[in-house]
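Letters A, B, C, D and E mark the chains in the order given here, with residues in each chain numbered from 1 onward.
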């Protein structure tokens, strides 16, 4: 029921307190560190004078309450921007997207910003685009409907006796480039990782964009263009060896010659055309953002030409590296591709399907005739729900890397172990602190800013995240290089409470008995 | 030598209030082929006696003293293995309610065969089958119904099956513990007929336990009257039912209605049998006895012999004159009644 | 009257109960807070795509249409597809149910063999120290949360002593195997050991206590006395008569408990990383994957109901007194 | 004996007419469905199958018969524990089936029952006082305590106060049955159904309880229906006797006459089966083998025919003998047997189109008005 | 004279009865006394078994702990403790193992005092146990009584309902219900009750069916007792012991269920129960960290309370009905 967060407008003791705010928290087992952090922030907000109640909801409920019912005041979970920093900006902040289930759940509206949000996606001139993104960052950091608490790193923990040679990449260590660089040194030359949940499907068109499956498909399939660790399109990694943009709405790719599917069939430009047409025709939901972009696809020789309806700015980051190329001979007969059940996927990537013991493990083996082969024979993914078990196995060497490493005491303790290596690099994601601008009080920028002042970023990073993260200060963090605007408004964290209260007082709020009173309520 | 000689048998049960002296110094004999009846009120130790004889006392029951000599061997001193051999083969049992005494999950035939196998493992199937058929004939049951389960039989049939089972090894002694109590008159009559038939046809000795005076009267040669774990009186049936010398026997007899008599003053013996875990000293019947005197409560009653009758009473000499004439009047037996006899 | 009659009636009843369970499930999952669509759609999708997606799962139809379709599909054993993975629920069941059954049934058989035997002995030796110890042990087994014990066992014997494998049904990277091939491999047995011991310890108490009580009841029956009188050996009486009769209630209880065990496996499967149906169910419930949740739950419920049914039939076979009225 | 006030014609307290009680047998769906398709009656145990008798004021009426012949069922119907399937029971001239409200309450105060098993018939969680006072509380009768005390004293549970707080398990069997009697009496009923009240008691205790019952009738004019299979007891207790066989009364009349001179072959067998406590008596046994027939598929004709020594063929097979006075039996006796000739002119042979054979004395014409 | 009666017989033993002054001679006092006697007698019988006494003492001990929790716990159970600075005091070892800060059982990963949590954890455990047991048995008894006594269609409908509920596996259903209702102690209790009443309902119905045929019920009917009177005065008191028995078992089952559900993360987020403690110990991998002082004590406490419930139940069982079957 929805009355938890609002109501209570009357307050006590004559004054006119701001209402009680609800801060929705996930259960501890869902993500212990974040659970802790939210509790900590909750305390701070109360110290600030905002009457905040931290409420725990099981994830499904929590997500619905926030994104569909907007029945919350504060919310926190992880967000990733992906490889392109601007891609998700309209979704999160555009005033047209505040509806039920739309991405802009904070209800933030800024008509002045709206055009910029849209235009940056179509701008192919990089510098112009950077400027636009800088503007967006500055505005959002001023209005703070959403603010990064900490920038989360990509982390991989591994058994350093068996695995070496990791490359940092903003998308994570599962990405094509790190994965093809990593070296394995055990008797079977096997890379062995684990995941807490079962995989469910191996249909590249029918999954729900879950990390565990992205990890697999990234290596099973090739993409037209891949982005390297320097965030640049790299033909060495890509299926296309060359590409050109004759105009704003057209891209041409020259396909790699002589590449074959895992089953030995030739990979042809027709396969690429098939893939794109097929996805568009069948309106595959997962790639809806992509197929809405292009109009038509044509083939001439080794070249594939894609025509877009409207100009696309960062075309390789939002399009070329998003769509896995699938074999026509396998898919054309499938009637409802989004719901196809695929148990033995055939792709063209550096790893090919080996076996899948559902619920237990998935093995992919080296595809020898790839142009950029992996340096191990096989990669096994094991389903292990208990994280403590995972660590034990890693130390024993039964597992040798943890593709998904939670930050916590175990990571912190174990990184000191002689046979455990931990690598971390800045990632694209952060924990957001979102404020529902629909709520009384939170509709005022000043209150929001005060709340952001009060975020105990340092305590969270140092004490809960063991210093693995970096304190967040900007939506687009330093990991995005020049895309990040260093000059946005900074929020004080040393004694943030005092800073926050000052902002409130400056804006005309008073604080009585440790509680913020609504504007003009006290004489 | 009698078939079975019981001498001073004491069977106690352990209980929280000390031992329950369910059978306390009982002696009697059974000759081969003879039928002996044990009568007495509920709780006087009849079943306990039977269980002790066949050796199936419950865990808290034990033989405290005395001896049971069967064909000269003392059962109480016999190793368990030998005793087990004697059971059913020599002494078998017809239990009170065949309803519960037959295992519901096996057919009648299986249960009989099991008894045979336990003692004559080498007996051939055909011979065993012959014996079962014979036994079934003897009790008047249809041979075809051997493979029925107990629940498919009526009460009377079950009781007859029980008898057939007890006969199948041709034991020399059958203990029948209340063989007809759970049955109605017609069934009872049928069973009694079978029992009499067995007596006539085989030389099997039998011990019939019952509280039904009429049943004993009709089936037994000799009768032991038990009271509170002890023998009150013992002797041939015609004397016990004719001219008993124990007040309790007299009372019991008068308490029983006789269909041949149109009007009869029924008698109930006032009071209750004593608590067997703490029996009174002296004569245990004293409390309820119209003839009781001081002496009865202090001294154990002497054995008094009247012909073949053995009675245990201090006042056996006064029975003829004082009690017998008024024994059938109810008020004689009312609780506080005392006939004003004096010690000596 | 008559077995046929009994059968028909019980089958009707079975169908009715199943229908009721299915309906209740349907309602229950619709009542759950948290929109399932929030799991299948991502915020980047346009409203039109979102709509299409919702339609493709039939979630936009009126409830009763969804219900009718649901029941229709059930009748054709079509349990739908996972919202999350698009997998057919039937496939999910086929994949995970056998794993659960292997674990449960092994634990079950072990527990019941030990439990019943101990039950016979404790009943027979009532009042002895052995009886007290056995009964208290059984109670302790029932009282300790099994998941807690599982973790302790894993920690002590797995992590510290390195005696047992820590997770799953097979060793890492043991390759593809047929189900039965796996079940009869030594590797599998090693993995099976710890969860079976933990579960069996937990299950054992029930048959033990029932068997003991049932034995005590049977031992006080007159026919036991008669068996003694027949000169049977104590062993024969104990097993052929006392235990045989006392077994009846235990078997009914066992059949019902099998159904329970399948449902109660959730925790142990999680702890031991056993790829079983219980674990999948929890995942599905928490992720609002209705079709999988419904399907797995229905199978669990069905196993309970069917086992009840089997128990009835079994009783009829084992107890000649039962007439099918 | 309670012969003091011999029943006059109009002192009938309870009249039973054509009483039937059938218990449906739990048949399965399929077979009961098949039966209804074929238009057959569903299976039922014919526990009572049409019985008539009167209970006069102050009299003790005995019902005897083998186990399962319907004695208890009759008793239960009399006290309205069962609703009859057919026929009526008139108490005080009114059908008890129609009673409700205060009529019913009045009936409940006047009809009581004593059950066979004193261990079962007392609530183990109620004290003696609560047990006895309950009927008074239900009917809101004043002076409860004195009444309870009086009732207990009458039942020879003295001193009454010392029993008040005892529970049934603290009483002996005889005391329990006395308590049950006290409970039945405390409301001052008109008639009592005593269903084998002493069969569970030790012989030495029975007489006491029986004399209590006798005093009830003798001293307070209570009417008693006494149910037992023990004819010796019935002979002692009852003024009139009915012998039941498979749900029907086969012989009915003054006790003495029936016991000393039974007319129905079944009555004879029943009496002959009673053992005699006299080893010298040398009782003659009558062979009554076999079992009571199937109460579900009741045989046609006389129900006793299969076990009957005097079976006389066709008429026994086909015609169910009515309970009626016979010309060749004197006294107030009614017998249901084809051996005797109806005093009311009923001719069973007419029904099967035969004539009465000679050897039974009367040469019967095949007309209804034979004599 | 009994004028009111229609068919008058001349004499009555009650003819000359004198009117009683104190008619209702303090009925309720008498009843109270009888109740007291019954209860104290049963209690006496119960405590004859040393195991039962032990179990009772254990329960009493935890009951006491629950009551005086605020006085013995050093900290509120969900208040983060800090070391001298602003640092959260987490993963602190117990003081007896040399941990700093004097935490008897150390602190959790979130910086809560384990001992305080353990002490406060007795509250929800006992509450779940008692409330759930009471409600389960109450509901079960009600249904059992109604179905058993009225029989016929009522019985049929209720028993089909029981069959239906029996078709639901306990833990999974509780999990589903709790997700529907929302996590929380009261919802766990509710879900548990919604399922578990079935056992007591079935057993009590069977008992009522046999009681209904006992002749003392018939005797009451003959005396004109109403259905209500028969149920409340004759049948209910006789099923009460059985209801108590099932209550004792229900305590055990409820606590185990709560622990299991909490272990999966559906426990009450607002309060700390032992199950919730176990769950967080598991989430933060307390065992692999070697922090047994976090993981072991709550489990032991659960086991102790549960086994106490079982032992008392069994002890009572031997009194009420030595031949009874233990419930599963």
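Criterion: a contact is a pair of C-beta atoms (placed from the backbone, for glycine too) under 8 Å apart; a residue touches a chain by one contact, two chains touch by 3 or more.
Since this is a predicted model, take the numbers as computed values, not measurements.
If you take chain C and chain D together, the chains in touch with both are B, E.
The pair with more inter-chain C-beta contacts, choosing from C-E and B-D, is C-E. Separating the CA-averaged centres of chain A and chain D is a span of 90 Å. Note: centroid distance chain D to chain E, computed from Cα atoms, is 49 Å. Inter-chain centre distance (chain A to chain C, centres taken as mean C-alpha positions): 39 Å. Across the assembly, chain D contributes no residue that touches 2 or more other chains.
Among the residues of chain C, those in touch with two or more other chains are 32-33, 154-155, 159, 270, 286.
Residues of chain E in contact with two or more other chains: 179, 182, 264, 282, 287-288.
By the touch criterion stated above, chain E contacts chain D in their complex at residues 2, 4-7, 9-14, 17-20, 23, 25, 30, 34, 38, 214-216, 218-226, 229, 233-234, 237-238. Listed in rising order, the residues of chain C touching chain E in the complex are 13, 16-18, 20-21, 24, 28-29, 31-33, 135-136, 139-140, 142-145, 147-149, 151-152, 154-155, 159, 206, 209-210, 213-214, 216-217, 220, 249, 253, 256-257, 259-260, 262-264, 266-267, 270, 278, 281-282, 285-286, 293, 297, 300-305, 308.
By the touch rule above, chain B contacts chain D in their complex via residues 41-42, 140, 154-157, 183-190, 192-193, 211-215, 217-218, 220, 237-238, 241-242, 251-253, 255-260, 262-264, 266-270, 272, 330.
The part of chain D that touches chain B in the complex is made up of residues 1, 66-67, 172-174, 202-211, 229-233, 235-236, 256, 259-260, 269-281, 283, 285, 288-289, 291. Of all the residues in chain E, the ones that touch chain A in their complex are 80, 86-88, 90-91, 109-110, 179, 182-183, 264-266, 269-270, 279-280, 282-285, 287-289.
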